[in-house]
Each structure stands twice: as C-alpha cells, then as structure tokens.
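Naming follows writing order (A, B, C, D, E, F, G and H), and every chain is counted from residue 1.
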Amino acid sequence: MKKDDLIAPGHRTCAGCGPAIATRMMLRATGKNVVLCHATGCMEVTTTQYPTTAWKVPWIHVLFENANSVASGVREALDAQGKEDVHVIAFGGDGGMADIGLRAMSGLFERGHNILVVIYDNEAYMNTGIQRSGSTPWQAATTTTPAGKVSKGKEQWKKDMIAIAVAHHVPYAATASIAFPFDLEKKIKKALSIKGPKFIQIHTPCPVGWYYSSEKTVEVAKLAVDSKMWALYEVENGVKKLTYKPKETPVADYMKLQKRFRHLSEEDIKEYQKRVDENFDKMFDGRQ
Amino acid sequence: MKKDDLIAPGHRTCAGCGPAIATRMMLRATGKNVVLCHATGCMEVTTTQYPTTAWKVPWIHVLFENANSVASGVREALDAQGKEDVHVIAFGGDGGMADIGLRAMSGLFERGHNILVVIYDNEAYMNTGIQRSGSTPWQAATTTTPAGKVSKGKEQWKKDMIAIAVAHHVPYAATASIAFPFDLEKKIKKALSIKGPKFIQIHTPCPVGWYYSSEKTVEVAKLAVDSKMWALYEVENGVKKLTYKPKETPVADYMKLQKRFRHLSEEDIKEYQKRVDENFDKMFDGRQ
Amino acid sequence: MLKQIRVHGRGGQGAVTSCELLAIAAFKDGKYSQSFPFFGVARRGAPVMAFTRIDDKFIRLREQVTKPDYVMVLDPTLIDVIDVHEGITDTGIIIVNTSKSPSELNIKTKAKVVTVDITKISLEIIGAPFVNTPMLGAFAKVIGEVSLKSIILAIEEKMPEKIAKKNIDAVKKVFEVTKL
Amino acid sequence: MLKQIRVHGRGGQGAVTSCELLAIAAFKDGKYSQSFPFFGVARRGAPVMAFTRIDDKFIRLREQVTKPDYVMVLDPTLIDVIDVHEGITDTGIIIVNTSKSPSELNIKTKAKVVTVDITKISLEIIGAPFVNTPMLGAFAKVIGEVSLKSIILAIEEKMPEKIAKKNIDAVKKVFEVTKL
Amino acid sequence: MTIEKHSPGGIIKDVGSTTSNKTGSWRTFRPVVDTDKCTGCGTCERFCPDGSIVIDKKKRKAEVDYDYCKGCMICAEVCPVKCIKKEIEQK
Amino acid sequence: MTIEKHSPGGIIKDVGSTTSNKTGSWRTFRPVVDTDKCTGCGTCERFCPDGSIVIDKKKRKAEVDYDYCKGCMICAEVCPVKCIKKEIEQK
Amino acid sequence: MCRSMSCKMHKKRNRTKIILKIRDKMVKKNMQILEGSRAAAEAVVLCKPALTVAYPITPQTHIVEDIAKFIADGKLTAKHIEVESEFSAMSAAVGGSAAGSRVFTATSSQGLALMNEVLFAASGMRLPIVMQVVNRALSAPINIWNDWQDSISARDSGWLQLYCETAQEVVDTTIQAYKIAEDNNILLPIMVCMDGFFITHTLEPVELPEQKNVDKFLPKYKPTHVFLDPEKPMTQGPFAFPKPYMEMRKQLSDAVDNSDKMIKKVHDEYAKTFGRKYGNGLIDEYKNKDKKTAIITMGSLAGTVREAVDAKDDISLVRIRSYRPFPKKELRKALKNADTVIILEKNIALGTGAGALYDEVRSTFYDEDGKKKILGVVCGIGGSEVTVEDVKDIAEISKKKKNGDIWWLMK
Amino acid sequence: MCRSMSCKMHKKRNRTKIILKIRDKMVKKNMQILEGSRAAAEAVVLCKPALTVAYPITPQTHIVEDIAKFIADGKLTAKHIEVESEFSAMSAAVGGSAAGSRVFTATSSQGLALMNEVLFAASGMRLPIVMQVVNRALSAPINIWNDWQDSISARDSGWLQLYCETAQEVVDTTIQAYKIAEDNNILLPIMVCMDGFFITHTLEPVELPEQKNVDKFLPKYKPTHVFLDPEKPMTQGPFAFPKPYMEMRKQLSDAVDNSDKMIKKVHDEYAKTFGRKYGNGLIDEYKNKDKKTAIITMGSLAGTVREAVDAKDDISLVRIRSYRPFPKKELRKALKNADTVIILEKNIALGTGAGALYDEVRSTFYDEDGKKKILGVVCGIGGSEVTVEDVKDIAEISKKKKNGDIWWLMK
C-alpha cells in the first residue's frame, strides 16, 4: 500500500474519478503542513464515512456553501496562534465553490486572507446525481438541463470563475488539469508561496456524469485542453500567461467521447467550435 | 409638489442624501413600466414606513441579500405572463448587492435573466450606522474600520464590482455618478434597451457616512470622478470605454472634504494618489 | 401473500431497474407491489441492493427487506464480498448470474440456489453485459410470482423501443434456459 | 425618588449625548440612573428624543418616558412640529434653547417653561452651535437633580480634552445665565 | 383595543403617500430662490434629493416646495448662477 | 442496545482509515502489469485515482495494490509503453 | 380475536372486505406504479404552475429532475429557474408569487435550513407558495436520510405543514395545497412534507387524477389580491413600526390558526371529486375506537404503525396530517378515550429532552379531565429504521413506563 | 401590608434595607454607567477571545463597533474578521473554533435567521462558540425592534440559550458562557440573549469585573479536545450513517439536557468569586413565596414584572434564564404552590395559537398533581411596549380567564 500519499485508498469515489486524481496531485504538492476546508460534494462524501477517513491531513467539512468562510476562520485562528506557516486550503467542487459558495469566496478574496482556494471542476453537481452547475459547459446535458423536445442541454456558457477571481484582484489565479500533473503541482506550489488569497481551478472529468468509460478520464481531460475547451493559464498580479499551448484538436474529438454532448448535431458542433475559437482568441488576444 | 417624479417627497433620507438623488435620476430614465426589487438599506428603510410609501412604481422589498433572486423570480413570472416588455430592476446598496447579495447577483448574471442590476454605492453600510463594506475605499474610516492606534481605516482596496460583473460576461456593465446626470440617465436607458443581464453601479456620496456637510454631495461626487477615485465608463460586450475624461484633480481635494479620510497624513495621501493613478492606468491602458 | 425480493448488484449495473420492472410487472398481474433501492450512497462499482415487495393488498411497510423470499444476484463476484443469502427464508430461492453451477458457489444456505449464465446471453443478444433486465426471465421461470407476459409489458412500457426489443429477447432466452 | 427626563432634538444634534451625560453625572452624585434614546429610525434632521431616569435605587423600568418630570428642548423649531410638553407633570419644568422668552413660545402646559439662548453661548464659546452639552448647565441650575460638578466630571470623562474644556466653559456660562 | 385590518402582507396601495410626511419640518436652513436671477435652467431640480423643486414652466423659474425641502442646500451649491440663498430657518 | 461513545462532533482521529474498506472488491476489470515491459516510469502511479499503484524503487516496476484498485484501467491507458493488460476479474 | 366464521362481526368484516376489493379493483384501474418523486412531480404538472424554481439536494433531486425533464419535453409549460442556492430558490419563488404567478419549489434538509430567513419573509408577505419538502436529517454530522428535523425546525415560520403518508397522498395534498394557499382568506405558503427515500425513492401504486378534473378543482391561477404590476403600482414589503407590525403578526397568526377550516374544507371537496380522503384532513385515525393506547405519529411511519395496529388489538393510530396549524381540538376529540398516548417522532427539540410534538401534545391535554399517560419516543433519526416489530415493542414497553417518560428507539 | 414601625417584620425588613444599602454603596463603587452594548463588548474583552467575527445588524451594531474599536486601539488583541454575511460569520466562527481558538460573534434577527443552517452544524460539531444574540423581530414586514422570535425560532439548534435581564447580567453571563461551553463534558455553543434596544441601547450602571479575576475564573483557552492541527491530523465533520448519526444526536441531546448542572455550577462559582447571582442560574424567582399567581417571563421584561410585583401583593415572578436547556425541573419546584401561571412571552409559535413557552410550560406541569391555571400572553411583539401598568392589568385580567386561555397584549 502506498504510504506517502496524504489521502489513503479505500475511499468510495467511482472507479476512474477525476476529482480523486486531482486531490492526490494537489496533496503531493502541498505536503503535510496544511489544513483542508472541504465543501460538501463527491470528494467529501466518498472520503469520510464515519468512523473512517481517507485524509491524513487535518481536514474539516462543515456545509456545502461555506468552505471559504470556514477557511477564513481557520486561517485567522491559526494566525492568532502564531501558526502563519500552516497552509490553509478551501477545497470543493464547482457547485459548492462557484455557485452556492460564491459569496463566501468573494468575501474571502476581498478580505485578503492568506488562503488558497481550489475548485475541482467536474462541471456539474455530481454528488446529487449530475445536475447543472454554473460551471457546466454550454449545451451539455445534465439531469436538470436534459436534452429534450424543447431544449438542447444547458443554455448558458460556462461560468468564468478565473475571470471572477481575477476581478477580485487576487495576486494569483490559475487553471489546471489532471492531464497535466506537473503543471498542476507547480501551480499549487507557486500559489502556496504567495501570500494572500489565490485561486486554482482544476478541470476534473467525471466518467459517471459525463458518460464515458472510466479509463478515459485522463484522455478526456487532455482533449479538453487541446481542444481549447479548457485553457491552461495563470494570472499573476493581473498578468495572464498561457502555461500550455493547446494542440487545437477539434472540439468534436473531445465531445464525441462523452454522452453528455451526444444530442448535438454536426451543425451544432460546428457552431460550438466557432464559439470556442472566438472565446479562446478573446482570452488570449496576444496579451499573454 | 412635483407630480412627475416616480418617487414622492416626504421620504426620510437624510438631508443631502446621494442615493436619493440617484434614485430620482434612475426613475427618470426608466419610466413607469418597471418593477423595482429593492434590498434592505437606507433607500428602502427611509422610503417605506408602513402605511406610507414614496414609490409610484411597483416595488418589492424582501430581505437584505436577495434582491437579485427576487428579481429573477419576478422576471420569469412576468415573462410567463407575457409581460416581457416590463423592465425589472434589482436595486440596492453596495452592502446588499456587492457583499451579502453577491451570490444571488452572480446567479442572476450566470442564468442570463433580462434584468438590470443597479447598485447605489455609498461605500459602506449606512443604514446600520456606517460599517465597512467591500465597497468602502482603502483607508476610509468606518465604525468597524476605525482609525485607531493600531489601524488606519479599511485595509483593503475597494471591491471592483464592475470587473466582477464583466467577468460574468454580461452584455452591458457601467459605472455612473450622481454628479453626471446625463451620463447616468443615458446609461440606464441604454442598459434597458439591451436584453439580458446588465449592471450599473452609481457612486452616491453620503453626507452622514462620509462626514461632510449636506450641500457638498454633488461636489464630492464630482471630485471623486475628476480625481479618478471613481471612473465613469461602460463595458459593452467586453469592450471598455471611458465615458468621461477625468480632470485629474488631486485625490487630496476629494479627501479633504470628508472626515472619513482625515486621519491620513500628507504622506499617506501621496501614497494614495500613487495607487489611484496606477489603478486608473491599469484600467485604461489605451484599450478603451 | 406478501413476497419479498432482494436484488444484489453493483453501482451502475441496474439492480434498481430490476426491482422496478418486477414491481411494475407484478402490478400488471393484478397484484400490489412496491420497489425501492437500498438507501445508500454507493458509487459506481460498489455493491448495491434493491428490493421489491409483492402482495394482494396495498403495501404499507417501508422497512428494508431483511428476510427475503427471493434473492437475485446480478454479479457473481459479489458472493465473495457479501452474504447474498443473508436472512433468506429456508424455502427461498436465490438466482445467480454465473456460468458456474450452484454447487461451485460457496453460498451457505438452506435456500435453493439456481444459476444461469445471463452475461453470456446478454452479450449474445443485447451485445453488452446488461444483465439486470434479462435476469427477470429467470425470475419468471423459477419463481413465477410474476408472469413473463407482464415482465415483457413492463419492459415495453419503460424502455425505448429498440432497447426494449433486445431486452425482451434476452428475457425470453433466459426464461427458456433457466431451470430449477 | 424617581425622576424622568426627556430631551428633544434633531437627528445629529446630540440629544442622546445630553441624556447620557446626565445619567453619568447623576450616578456620580451617588444616585442610580439610566438613559436611552427613543428607539426609532430617524435620519439626520428629523425630530428625535432621548430619556434619562434618575432614582435612589437600581432602575428596572425600561418603558419609554411618557410622563417626564423635566423636558429639555435643544431646538426651538421643534415646538411647532411636536408637542414637547406631552405628558409632563404639572410641577414639571421645560427648558428650551431659544432667544425668545417663555411667553413668546406657544407651549400649552401648566409646567414651568424656562428659556435660555444656548446657541448664542455655544457659538461664542465653542465656536459652533453644539447645544446638547451646554444645555446641561441649565438643567443643573434650574432643576438641580444633578450637580454642576458631576456634569463637569462626566464631560471630562467622556470627551477629548480640548472639546471637553470648551463644553465645560459653555456649561458653566449657561449655568450662570439661566434663571427660573 | 381594536386591531386595524391591514392588507395581507402589509401591501401599500396608496403609492407616493409619503407626501403625508412633511419633511419641511426637518429644515434648519432654508433655500430661497432669487427669482430675478433664476434662469429656470433646472439644474437645482435635477439634483434635489427630495424632489422639492419645481420649475414653473411658464415663468421658467425654480420654486421650492417648503413642505418637503429638508434644507440640504445642494440646490444652492449646484445652481450655475448662484441665485439660491441660504437662510436660517425661522419658525 | 448500547450506544457507542463517539468522540464529540464525530471527530475521526484514525486518519487514513478508509484502508479498512477494500475497494478491490468493486473491480470488474483487473489491470495486470507486464513487469518485463514496465520501465517504472511512474506515470500510472501518478494518475491512479485510488493510490493503488506503487513503484517498487528497487525493481523499478509498477505494482498494483489489488486490495484497493477499482479497475478503472486509467493506468493501462496512460502507460507510455502500454504494458498494463486489462483482464476480466475472476473470483 | 374471534376466529368463528359465523361470528357477526366477522361476516360484516368479510362483506366489507369484498366491497373493498371491488372498489379496489376499480381504483386500481387508473393506478400506475410510480416512484414517489415522479408522482410528486406529476402532481406539480397537474397544478400548472407558471414558474418552478429549484436547487438539487438529495433526496429531493428526482422531483426537480423530473420537472426539468417535463419542461424540456414540453409536458409542462412553465418558466423554470435553476438557481444557485436554496436561498435564491425561495427568494425567486417569493418574487414570482409576488408578481402574481403560481409558483412551485421543492427542497430538503440543508436546503430548507438555508432558506430559513426567506421562509419567514414569504409567510409574512402572505404569498401562496407551495413547496414540497422532502424530509431529511440535518447536519452535523452530515446524513442524507430521513427524519423530520428540517421541517419541524421551521415550524414557527408561518408556513402550513402537511405531512404525507404515501406517494398518493403527496399527489393529492399537492393539489389541495394550492387551493388552500391561494384562498384569499388564507394567502399562506404551504409545505407538503414527505419522508425522504421512504416516499421519494419508493415505487408504489399511485393514481394520478385526470388533468381536466384537476383543472376544475384548481382553476387557472388568477390572483385577486394585489401583485406587482406596472398597471397598478403598489409597494410590498415595507418597514413597519411596532404597532402595525404586531397587528400584522396577529393577522398572520390568526390566518395560520384558522386555516384548519380551509384545510378540512378543501380536503372534503377533494374527497368528493376524487374519491380519496385522509381522515378529516387534519388528523387521520386508524382503528381508533375504544382503543386504550393510541400512537400519534406523522408521515410514512404511519404505514408501519398501521401494520402494528392490525397485528395488535390494543393499539390504534392517530396520524397528524396538519402539523401546522397544530390540530389541538381534533386531537382532544380523537384521544378522548385513550388512556395511553405514545408519540412516535423523528425529531428532537434539543434541550427539552424530547421531540417537538411531545410538549405540544401534552400541552393539548393539560386542561382535559382525566389523566392520560403521555409518552414520547424519539425514533428514526437520520434514517434509522423503525419496523413493525419496533412499534409493537414500544406498545408493550409503554405499559411499564410512567406518565411523561421519554425514550429513544436505538438499535 | 403592615405599616406599623414596631412590627417585627418591618424591623427586620428595615435592617435588611440598611445592610443592602451598605452593600449597595460598596458595589456601586466599582460600577460605571455604560451602554448595554458597551458592557457586552467589554465583557468580550475580558474573555480574551483569539478571534472575533461579525457582521453588522441593528441593534447589535454597537457591540461589534466597540469591539472593532477596542481592537484598533489595541485594547483587545484578537484577529477580527468583518465578514460579508452572517452565514459566513458563523462559518468563520466554526472554523476558528475548530482550529482551537476561543471565538466570539454577535448577531440579531435576520442575521441569526440567515445563520440557521450553520447553527445546527456548530452544535453538531460540538464547538464551544459564544454568541451574543440581540433579540429583534423577524421580517416580514421588516421591523428593527425587540422581540424574541429570532432566538426562539432557533431553539432546536442545539445551542444553549441564556436570556439576560440587565446589562450587568449580559456581562456576567458572557463570562460564564465561555466557561460552560468549553467544559469538556459540554462542548456546546451558547447564545447569550439580550433584548435589543432595551438592553443594548440603554445606559445603566454596570460593574465590570477585574481582568485578573476573570483570568482566574476563565483561564486562557487551551482546548484539550482535538482540533485542526497539522501536528495531529484528524478529520472533522464526516458523513455519518443512520446508526452513528442517531447515536451522536443522542449524545448531543444528552449534552444539552445535562448542561443544566454545569450552568448552575458555573453560575454558583461566579457568584462566589464576583458576588453576583441570578436565581439559581437556570431560573430566577422574585417574591415567589406563597404567591398564588406567578408570572413567567424572560429577558428585560422581568424588570418590568418586578416593578409590578412590588406594586401588587398577589403576584410573583419566575424568570427563565436558561431557556435551552429548558428548566422543567426547576419550574416544577418553583411553581409548586402557584394556582395561576401567566406566561408573558415576546414570540409566536405560529400555528399553535400561542408563544413557544406556552406549550412547553403546560407540558411541564402535565403530570403534576393539582391543576394550575396556565395562561399565555403574547406581548411586546416587534418592539411594542409592555409597561408596569400592562403587567398589573394582565394579572387582574387573568382572574377572569379560564385555564389555557391565550391572549395578545395589543394597544
């Protein structure tokens, strides 16, 4: 059995779980000297079924929407105890952090706590059975944005959390992907080396919610990046920088692996490709 | 008595209230065909003391933090009734909208309701007696960020709500000031002509909370703009445009009128000027 | 008389659907029925259970089935992991999807054990190892509480035509080959 | 014996401070006291009230003062707007900050009305029309429930030195010029 | 003791009814328009927080509604021809 | 009926204790490393969601911990030399 | 119990049985086997709300997923908002209702707890919102299973609370709820409560009323009270001073207390139209004549108790259907002859030593003549099972207990 | 009443009066006139929390403004978080407490309602947080004045609730609260409740204990239970299945119920050290010997009732100080001889026809011998005044009322 991981096996994520990969990678970068404040969600429910826990770092879960404010309290309490060296991470899914938890995150950013906020983004509420989140991509089907007679999946574009974090003028914000472990770990380490609030959003495919078979998790993650559905970049003090140049593979390659997009026609996908290209160009208009 | 105003006199705002001016100006631009969803705060408490009301448009107040979600419900209900032509405005102070109401606002933006969100920004929680808000400027003294032996007023920079709205990719976001009524009314009208979520933040000095005498409200507002403490601009589909070129008067001129800054030394103000200049330059780096 | 059925499977294998179809079929047979999953939080791959009750009158009971009359096991590997026979009445029947014979399975029970290689049939007819629906053919055959006809009707009602067809074929095949 | 005082002013004029200082001063005189504002939501400029109670024992009452023994009016324009004498006992005293004489004021009451031009004194001594503290000089003089000495002590305790000094001077002056 | 019957939820149908609250009584200063100088430009009207100025369309002069004017004196400050005087309110 | 005494608030002190939950039983497929081909590069270890691969430092070979491996087969997919075989789990 | 086939009682029973069987057949014709959640969602479709609002939470998810699907498929024509939190769910429901639309939402547990502040606003504003509440335990620790702590702890909120025993009752009650809520003398929001998993995740026979009959019973929503409309501007949600505030609270309090009549009336009307009834609408008695020991409970647990009552001659069931308003009068009547009353409840009023019903029931009988033994049992917390055997045991144990005793059913 | 100066009783009374006067003088020496909010904030300083968290709401604002000022001036050395909502206030308090620090927060009304979900989590996680709750009415309509609806409606949350009569009691209770909460057998959060405006905005005489004595009574916080610490990793806030969940709830329930002993113990200890006590810590009786009519109430209204008791020979006061845990045993003892019990309460348990205390008190006496007349009066809602005259009137009116009657004090 692996002894050095800070998350033990035996947890109950589905086979091939992207968030579980992200968690392992993240903890490899943080080391032991950290307190994790975790929002309700897949990674939380599957790792702590009393009286067992997968975690080997101090870990707290309170509710779904308040990981960021719990972290704020933990941070200040630790500082009051002279433990400024301990890292504090607010950790949770896209739903818990970017939707219902957004006020708390905004508060954390605004107050400027020395905390790293990490979202593992599996693009829906998975723990409750694949409902739409703000982070669900455009036209992806979920149980609450089903493709039906009068609808074509989610109507809105994916919520741009990094932009929102940057709008809070945090010193460091970045995206990451489980398909790029070195990039991911480097960003976590870099973030932890910076004082103040920082933000990392990790793209973490979910075989169950995206409807692909479990061994494809890393491939799907990689295709997301290479098709520009998910750009890898960081924003340091307001300066944006791509950390990986995507291969520009067609979005169709990414989509066809996943049943959540299968209702889209060729035509639809063409339109999709156009919007993705435009979006990417707008984001990286030579000002990287 | 004025008959054409959509807000009647006799309300209980303090003499010289900036938000009251903003409200009059806003309603002049909206016309009657509007439903106002108002967050708890000065303008709400002072205008509706049962059984009297100052409002002549349909108006609803529910709680402090939910004007945006109440508006979402109103909007969809009106649409369901075929009243797409009726404007819906979510209206409130900086505290109710940008702090405690931020999650709801983000949700509104993300879902893309056809709603205009308007913040009147008096840069603190005035209704409860001048406590800090995210929108309070750097180093301003409030009752919860007092200037004391070990502190110099608010420690953080003013929350950048327009950037946050823009990060949600709303089709239209703008700032305004009561000192520039034509600009303000034009922006409201323009916003209402665009479908989808839009955002306007109006700078509204408050004689009581900023500690200046009541006749100075408009002067203070104007100095904020001219000193670049508050830039007038709009962002249409991501494109930023200054709508007024500030006169670049020293921030000191603005500050010295207000006791909330009086604890700052010459030195402090110099530093302040530097940060304001930098900030402005960063915001408008030739890419207007 | 009240009959209680428990189905063992793995998250994602459709044990719940087995039970649901069974309940619907029983209802079509003129009986009252009820079906529900084990109220757990299992993720895909983890062992799961589901239940069906069949009776002549409206079923008011809502507790878990702890003393099943019949048990169905969708995945033979479960037998090593959990006691699939737990609580079964001595006169009960356990149907296991496996290529092995009952004696090869290590199930310590007085209940009757029936085996049938449904996976094989499914792969042949459906083209994928979906065993939850075909398993009902075995139920109809050896237990008979529910008619084959009603099972087929239930499948037709609940599934898109194309998928239904294949499943019905498989159910029939399983019905054919299963024996006590 | 319980004495109840009501102060009328406008939001921002410091009626609450008058009452607070009075309560503190009474306490320094060895009495028990209590002070509280009218629990309203008034904005600056709007008429406001505040109250003080003075007694020999701990005051448990928390209701508003509706039958004051003494009333102080910081702003004479209020007299036209509200009934400053409402509920006052017949033996009560009303002190009004005004340049007018009691008879010129239209207060319909059996209580005694005393006037003194505190604004003038404040402008002279403090350099601004802050009348709430100086008003206490009149209270000490004509009502006497609270000693001038204690009022001065209270001011010293509660205000920054420089401001305290001016206010004390004003209080003394008001004490001097006020007469029944 | 009789309870007034309120509309359920406290809905107020009488819109604009704060006019029953004469905030003119709050005034310590009184803005007085010098009608000779006033150009009727409407600037004061636009900025008055209390909607207490009307521009007489015919006369093209500003008129203060003293029933509500709280005396903030913003009008005087913003008037481009400085024709509004600040007086101490006397009653 | 006896109530177990839980630590107040349900705190779990025994960290990493999910190891009592042998998720190996969930497996329908079994990854089998061809140790001849394996270069010990560690890619599979890095991507395994369940921390169920150890690289034997001495042998420089990947070893699957079947107690926990759920059989997702990610390791097989990511292995640069494709030396992990997918077998059907037989028990 | 008499076993003779010639016994008169027996014959009568048998005849009744036959009649029941025939009726049963007829009823069954229109029945289908549905998941409780699906039945709940189908009921919503029948009520034709113009606006549905939701945020997912286990075990309410299937309901809102079904509704989303119905809308996507055009089966329900409504605006649907997938909000970003339950706080917004209830806020949007308030907005939609205030704008004059019929609205629907559903939640559970943490979601209900999160809405708490808005719940009070919704009732204070007198908005006829209907919400299905899927009962689930509250954190911490986090637990997704059924108990009633969530809605019980919202009992002061001014919402009516109706607890359902079966999926069928959820359907019927949802339809009734709109009719009750929207009555101009009521104008109150209502929670239709159902046990998580036990109801929501169980497939059982349900009859869905026909749309045209529902349309007659619950006509298209046309509010006659004032709502947000630029044609008729008004102000809603003002600031109130002590006097009008207290008066409005009194009005609210009276409206809640007096809604019992409307609940009964609508329930009776429904029974006439659709042939199904649940006791008198407020409480539902089972074999409660001359029994000396009565069991009070709510929700799906009543089914279990029915089984126990059938198995044990000396106990009866009094199910509380309307928990808010609390049916004191009905309980007094129904339990006049009971010597022992056992309250089975899946909630804890922490710091009172009992569940919330315990004090309320005991208070109900405080000034009645003759002392009953009133006992409290806390059970089924966080999804713990309560079986028929358990209920029978409790009835036995109760004989040895003294008045006022409270115990927990721990296993 | 005897007026003769030679009457023995009288003499004794006079002597007591003199003694009291002397004691009074001594006590008064250390007293100062403070605003209630200031007194509350000063008490917090004395308790030396390492972390304070707050969000402003009328009428709690002065407390948190004072604390902010104390910190700005270096009078209190604590980290202070000005959060963006009360939900975050309580969440940050939970985080801080879980990380092993003594934390403080304060709120009121809507703020408390907004925290609701977190309240349950805080107690479930057994975190010894102390919160001053400034009691204020709940929306809608919005109203900023005092009643108890906010904290009463949080009565299930597993927080202990102590209601204070005076600013002095707020000071003393805040200090006691930490000692109670942090005891390893308790580990529960506590609300120190005080009436908005009546306490917070009133200046009155208060004695602040000396810091060194408080330090002795309440030593520096050194949690001996487990907390978040990378040196000793642990997991807090797990998912729990029905069995452990129900067991933990039972443990919580027992902890709340049994905290009465600790409340009394700490109260007694405090009385010994600081010379002030409030009844027995749970309830506080006034002239309650042989009186036939007793008035039960809480908070600052007790002061008004005391005045009425002094003015009227036939009534007495029993003030509930500890509302959670609810002091059933103490009430039974204190009201053994009462014929009539009048409950004066500033809250409404909507749908029960009464305030929340009504059912709880009646249940308390359900199985006592001899019938008392127990009456409920809903009063002081949304800041409506309750005067001494009102209380006297109520006592008179009660004579004509029959057992169980409930009425509202409307003016």
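Just so we're on the same page, contacts are C-beta pairs under 8 Å (C-beta built on N, C-alpha and C of every residue); 3 or more make two chains touch, one makes a residue touch a chain.
Just so it is clear, the model here is predicted, and its values are computed rather than measured.
> What are the chains that chain F and chain H both touch?
A, G
> Where the contacts of chain C and chain E overlap, which chains show up?
Touching chain C as well as chain E, we find G.
> Please work out which of A-F and E-G is bridged by more C-beta pairs in contact, and write that pair.
A-F
> When the centre of a chain is set as the mean of its C-alpha atoms, what distance in Å lies between chain A and chain C?
Their C-alpha centroids are separated by 39 Å.
> Between chain B and chain F, what's the gap in Å when you average each chain's C-alpha atoms?
55
> At what distance in angstrom does the C-alpha mean of chain D lie from that of chain C?
Whole-Å distance between the two chain centres: 87.
> Just give me the whole-number Å value for how far the CA centre of chain E lies from that of chain H.
Their C-alpha centroids are separated by 47 Å.
> What parts of chain B, by residue number, touch at least two of the other chains?
Correct list: 12-15, 17, 45, 48-51, 53, 55-57, 61-63, 65, 99-100, 102-104, 106-107, 110-111, 134, 207, 214.
> Chain H: which residues touch two or more other chains?
82, 84-85, 110, 114, 117, 121, 124-125, 139-142, 145, 233-241, 244, 247-248, 250, 383, 385, 410-411 - these are the residues of chain H that touch more than one other chain.
> Could you pull out the residues of chain D that touch at least 2 other chains?
Residues 41, 45-46.
> Any two chains that touch count here, so list every such pair.
In this structure, the chains touch in these pairs: A-B, A-C, A-F, A-G, A-H, B-D, B-E, B-G, B-H, C-F, C-G, D-E, D-H, E-G, E-H, F-G, F-H, G-H.
> What part of chain D is in contact with chain E in the complex they form?
Listed in rising order, the residues of chain D that touch chain E are 10, 45-47, 75-77, 80-81.
> Spell out the residues on chain A that touch chain F in their complex, using ranges where they run on.
Against chain F, chain A makes touches at 1-2, 5, 7-18, 20-21, 24-25, 47-57, 178, 181, 207, 214-219.
> Please give the residue numbers of chain H that touch chain E in the complex, ascending.
Against chain E, chain H makes touches at 140-141, 410-411.
> For chain C, which residues are in contact with chain A within the complex?
For this pair, the touching residues of chain C are 11-12, 41-46.
> Report the residues of chain E in contact with chain B in the complex, numbered from low to high.
For this pair, the touching residues of chain E are 6, 10, 12, 14-23, 26-27, 46-54, 65, 67-68, 70-74, 76-78, 86.
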